[in-house]
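So that you can tell them apart, the chains are marked A, B, C and D in the order they are listed, and the count of residues begins at 1 in each.
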């Protein structure tokens, strides 16, 4: 089970409003047993990463994002809790990895970054071990050597960098004051998916139709534009879930309870998330399976990805069985009687919590 | 939510059979969402500790237990997974702390040890902060200074050591080849509970009956005898759950599925646990609320703790509401269709698991 | 061995200029073997903490500091390296604990905070275990219960809070827009030292003169004023070293090499540190043993602490043997041929460093 | 700087005698500032790993080793300190990584294991990034996919496995009760070095003679035989240091001070180490540069590796400059006045150490 979250705002937001305070934040989700889905034992664990761009264009701060990673559960990370209360940003990526297979180490921690670029993945490349050599032999040395860990996601990011390069762009140097431009990033992303599809087919041991599909929800940004895919290499299954929400403000109407305020159809706040962050159904729009979402200038665009896995006839339903089996379908959560006690950070209350343990 | 487990065998057992392999082990319980009960967010986390005595009486190994602690989730601890596959012991304590309040640090990690003694707690002392000064001022310097962390449990162990001392025993020097003797340990344990009760009453802000009761399931051993309490400072509520099982062998009849084999009424294997480890109802006997269990020479004894909270009339039921609200009631788990894949340690399979991540 | 560092600037500084980039920063010191002094084995380790106030008065960010702690060596902390490159503050406390006794846990991590207050200690209270009960019984419940770990330093901060309280101030509520005022904080600090002295004497097992003295370099701030002591309970020994530097700017004149720029006698930048941060002797003024330093409105004040340990005759030298034996005397470091390679953060260089390991 | 240590005994030894108690153990070395050599700042850290085979042939324990890894400094690892006091083995590998480049994660932790095999490396493959593709494309899928981290050492082990395979042996299945046999392991090791040499030459950017050499001290065992190389791809430089010691017993003659007892020329105890573990010069024999050491049936064999880097004329000296620049030359340490306080494990002393912190 993974979760990811993207925030893009006209104004910076306190990270706590995204990460730690909402009762239904991705961190609290990862902790909340009612929402954990794949509950069989792996030997691995729960990691967390948040990347954010510093608000003002201060040349001393550079144009790359700041990333904070943890290989321990996010709900238990005091540093994260404190930073979230003291840090603001208008462009945030957050990723929670809970209870899935794979060795946990900081080198496997999303979001991955490369100069001004930041990338994360929710899903998995099916039979990646059969394709790993393809990845390795295809890309230029600098992206091949970029890879430090062992995950399909990091290799996918390296491939994305190589695709940008093949499209004539140096990923270590943004073209201009507005980054690479959303078309360029979108094209590199589509090319990345194309390669993965080709290699999947080529490395398939037999009938592709009987093989497990790949779940390719990718998100990438250069600090200006954001591109997110909701994609699966299947005509009959749904991709991992993906939703977005836009409005004028993301507000806490009571402790731990948030909703999107919408005035004047403004999109000052854009959230994209693998699961709804609020209990208001009307806050969220579901991204259709096999589409690509673009955020440019506080505007959301949606394009279908029209390839062999595209389902032109909308009356043909997809099954959510496969994605659900991977813990990648977010349940629609109804409002509930709140038992939430909005815990302030440890310091501010004079650290009284010590006496209640076992 | 805490869980604890005690193993006492005539022969040593591979720790993996207790900790990592059973589908229903306390580690897997702590991970399994279906069984997590208190699911509201704290800023803290999941820790784990296992203590075991080395099998043979090798003077070079000493008479104290070996303790392995982790402040990260046990299900994610590769070192634990490996050690459990390579270590045997006939006297094991294990403790999982999942999702409860309190700062997580190695100094707060159960089991606590002092020379040959080992101690753990499942529950919590109500309003401990009101009593903390009583603990501090009551005990001898050496036990006062023993305390390093901030938990009620560590203070309770220090108090237990002080009680042993007050009963004329030096807790740093076992009396003989069979340790302190089960009577002495039981008396010190009862005295410990007595003090906590007295101070609770004294520090109460008003009507005791309306106050939250203390949940005092304690376990202590000197490597020879084991004493475990199931106790609550209430006449109407149940204590945190406690069960035991005895038999000739604890066997894995299919991967991840264990049961107690019983031949000839022998008690070669004794398990005491806050929740059943197997799905066989008949394997387990529930310890009555407010009793004290003794293991001596592979025999289990049960005594009631007959004080003001003892309920002489067995027809008066206790409510499990309070203990359940603390996540300390173990559900009776019915057998289920096994989805378990018995994962061998990472090394032995050539570390193939890397490719399935996100 | 501990090190601490205080920065107070008219303008915010990038934390990297204090923590990670200077070749002679307290982090690099803690790593650099040539400067490690007490090199015998303890079972414990190297921790790190930095606390900073957010630059602007944004009510959403609150008035308390943000603290980032690590129980692993600071030079190895990727999160710290990244945050330091992306965070600015005009009021910073940093503390490195390297290779001293005591259990390492986040609860023992300096700086300690309480609402808007932040505190750290460089040194140690001699025979603290004999005084611990005095601390516990003296102070109000809320400060007694504040203590979570086991260190003399955390108890000293709790005592300081209690002293503020006894002086009529609620430490959880700053009096005004400028905090508590430097007189109040200084008085509470002097009172704190007075209590420790009294209890030392009272708990002494015999001839005070033959006992080990206490090293009490404390630093405290409310985000406005800063109070730092350099103090030892001895007439003949020197306290742990303490220096300060003021100027118009703290500049990196070549990679890893810093100096204080001084124009117009301005004190836009004030550094107080247990050891010089630069190789320019003239940058640094040594605080005399048994004095108290105040920073108020970008001005440094020094007052002697005139008690029984004050040495009125300046011709009587103090020995540095005791402080040196604790690793608390900073050598004057001469400039040297720089072997520094100024490592940019891992991301910005596309993570090329992976291939050079063993 | 790395250090490694191999123990092979007729009888099992308490791990503490190798790891934690000797004042000059590899762990204490890694901590002791006087012996740290490369002291410039990297962003990375200190890790540790120990692998041991369980003493008796208990089928339940399997034939593979148990590995305990830490990504925090070994001198600070309480679990290691406790396990070392309670665990015995007759075949031990230990590896300390201190202050070298590379991302620190459990996947990069030596010793690496594969079924019954265990491997570690002291040194580094020069310009590994240029050769990484060669490694990747050369080997069979199962060894290519075995690699999880990013280090040259793990790739070297994967190559060794592939060499065993190419020599007709399945590395996941030992041939017999005595493992693979020392000739087979030695041949696979020599083949491994041959490939690395070939690829180095092929990937060289110009004049090989002006390039940095590779330091290839490898150790491998199947639990029966041990093969260790001391090797450098240079005719003029020395390899990283390597020594061995044999005797009847490894004894602690005073706290923290060890020596090898030699009676009757027996080799009941064999130690191989990157640096001497004792202060007795006569205890240690230096392995010549570019040789391969074999332990078989408690006997040590030495063979030269006679290739283009072999120096037939023993009067031509090699320089130790290069290895020294990598911190891989162990100084000969003279006996010194002991300041060692032999700290017993925290538990056994009733945890009194808490009061001395800062």
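Just so it is clear, contacts are C-beta pairs under 8 Å (C-beta built on N, C-alpha and C of every residue); 3 or more make two chains touch, one makes a residue touch a chain.
Predicted, not measured: the structure shown is a model, and the values here were computed from it.
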item: Reaching chain C from chain B through chains that touch each other, fewest steps; value: 1
item: A-C, B-D or A-D - pair sharing over half of the B-C contact pairs; value: A-D
item: Inter-centroid spacing, chain B versus chain A (mean Cα positions, whole Å); value: 39
item: For chain B, residues contacting two or more additional chains; value: 78, 103-104, 106, 129, 132, 145, 148, 150, 345, 352, 354-355
item: Chain C partner contacts - residues on chain B that touch it in the complex; value: 103-107, 129, 132-133, 136-137, 141, 144-145, 147-150
item: Interfacial residue positions of chain D with respect to chain B in the complex; value: 14, 54, 58, 60-62, 64-70, 78-79, 82-83, 85-88, 106, 113-115, 142, 145-146, 148, 172, 345, 347-348, 350-352, 354-355
